[in-house]
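Have a look at the structure below, then the notes.
Chain lettering (A, B, C and D) follows the sequence in which the chains are written, and residue indices restart at 1 in each chain.
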């Protein structure tokens, strides 16, 4: 196998789809959001990306049928908006691999006509977020793109996130910009301890405004309720009312 | 030395041997099973595979005679069934190495006429298995192969093993399928704490039914008894009857 | 992206600038010193160096504007002295990467006419340094260069630093010498626990003497005062007078 | 710099020197023994080997004069015996690097006429060795070489060392044999906790018999006494007579 192999599954006619990246990361916010788009709009699988940078692994689905781990591009028509959504279960294994793999992802997006890229992710706050006030933080390569997003409610804060943006999301922005993409990261605030469907919803609400589509959130809301039940049970077990579960317990849930 | 070097030791006439992989893994189930086939049917060493992905190491045998660590293919005639059995002491050292090495293993199998591949391994249950009820779990690339194996008693369960199948076994299935092999993983249930000859026996009993051969299990039964004595002694030392040895003790045994 | 990409931003006329390296390391002494030169003398950005050896990361600055992480060469006219100053946020990720990246840095320096190289860094003493007696330790490839530096007050001690000089600084000396640079490491003594602007100042005072320029230290002195306030507060919280903060606290500050 | 660079320092006339490898390892036994040969017989430096597999590091010697870390071959005339002795401060950084580097070492040895190779090292026993009874363990690629060594007092034990022989020493034997060297590992028994000059002496006494030369041991005996003093002091501090120092203390010494 080559280091990266791209398998063409379908070749839909596209004009200028917006590239949306949602690989695993903090709170799985980006992944949840991207997968929700694919499911709600019944996206078409267009590319599978296999790479030696992913773990040597098959994932097992229904009836023990397994497939080699890979990332997937789906073509999604969201009302009028055309999206090219990247999802998967892994990031790359090495620094160099991150650069190579993101380069390959941008090649695919470019070849299908994308000129605009959104990397979706989460930004950890270190504490549970109260009252459903999930801010969406942004990072861009140029101030012009930033102004448009700020109008849609995206927050831009000096030097935040403090540690920069790491992984494929960071490179979709950094390498994408160098290749001429109008690129941005959108990051839902999240505790960092939990898989966070509410943060994913906040992220998608922002994206709706920016790209002008509308998506149903019932499924994400169901998943958010499940998460809350689990957190509630742990709090009960601690014999406490509002006591926050410990980090260890929360990680367990995640 | 090249990254992978394959040394031809013998070139038997083969028609369409079944490729059986049994490298080290959970409970050494796959390795025990594969080595048992080579020993019982007096297999012929046909290939040595050296690779820079293995540790820089010689293994020392009788009288201090050492050899460079490598994996081995043996050609095995098991009653009427022709097998090409891969054994060794190591998996690869890196993600990329796993892909390259499994590719090389499949090259060898293909060049000797194999079209069907079984990756043997263990699946950890986290607890000692009672009453010798060792289920054999399966994973396949297509449902047809699955149906045949299910008839032989292999269990197929949705999303199990939960973490997927990792390492050379996973790739024999995942890469093998992509290259046209009819590939399956067979995994003996095992605690995950012990070298488990009983699980290896259960695995081979299933394989017997699938491939229609019969093998003597006396040696595996002896090894199983030895393991039981060791576990028994530890339980005694704990002053307990049925008390399960702690994880640390069990690892020590493994 | 190639493993290393060098982007030319400006091409000033240079005669024989002195190459000054100040990447992150012990106490960030080299980085603070190099950045101070660029700021005080209003250096011109001449090269950006991108590499897959750096983390897959964008750094976020004002208003959420991000850029792909990279190292920078600035051309600095310091009174009469011409300097080519290398700064950045990262070292390489692997042994091999350190060698390749330092080779590329030396290529740039050579192409701009540099024949002399100073790698700036810190040497950890393990204890807070009292009374502002910050020695500057030197290492050179030949004794002649050492004699000149010793006249400027640089200390040379047998077998110090004991563990050798590791990272880009070590290789600027080691590889630089092999390529014909007159190369030296200058290392400010520092506790090793704190970002240390005072050690950076001591380093620059020595460099001033060697290269015959004069720089204003007000900014470094301000940063040193800030650091002292933080250390003071921690000591207060410990209810102690002269009690040294614990290693953990100091690391937190760093 | 290339991955491996070999610098020719001298080109003495050799007939068929014996290749002796003594890089760092258990108890530094091999390194001590090899360095002792170079010093006592006033060896001639013939090759420097630089490689990106070594740490990115310069080592600092007298007066702060530093040099890029490397391995060295010395040509040694020991009475009538011609030796080509490899010493250095590091092993390789990766599995693949070990294979490549050992291959390069064997290239050098071959090019200077060597046909016989001894890899020197230590084998850990886990306990301090009493009464100066330091056995020397051997491993060989063929039983013939083993017989000769056994006559010189080398012990050969089935499956020992249990974990095989890892690192450059293992590969000098494993790769050397595959290239036609008559190769052996000689391993001095040592606790594994201490730099062990006594074990190095035992190793050299055996090598003397095999290769028919005689070396003065005064220096190694002095170093052994220094080690004993240190161990003695620790035992005193523990307020004990014959109490063995704890593993942590011993490591500290090493």
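Basically, a residue touches a chain if its C-beta (ideal position, glycine included) is under 8 Å from a C-beta of that chain, and two chains touch if they have at least 3 such contacts.
Fair warning: this is a prediction, and the values are worked out from it, not measured in the lab.
Note: Cα superposition of chain A onto chain B, rotation of 90 degrees, nearest 5. Between chain B and chain D, the centres computed from C-alpha atoms are 37 Å apart.
Rounded to a whole number, the gap between the C-alpha centres of chain A and chain D is 53 angstrom. Chain pairs that touch one another: A-B, A-C, B-D, C-D. Those residues of chain D lying in contact with chain C across their complex are 1, 3, 52-69, 93. Listing the residues of chain D that touch chain B in their complex gives 92, 94-96, 98-100, 102-103, 137-143, 146, 155-161, 164-168, 170-171, 173-175, 177-178, 185.
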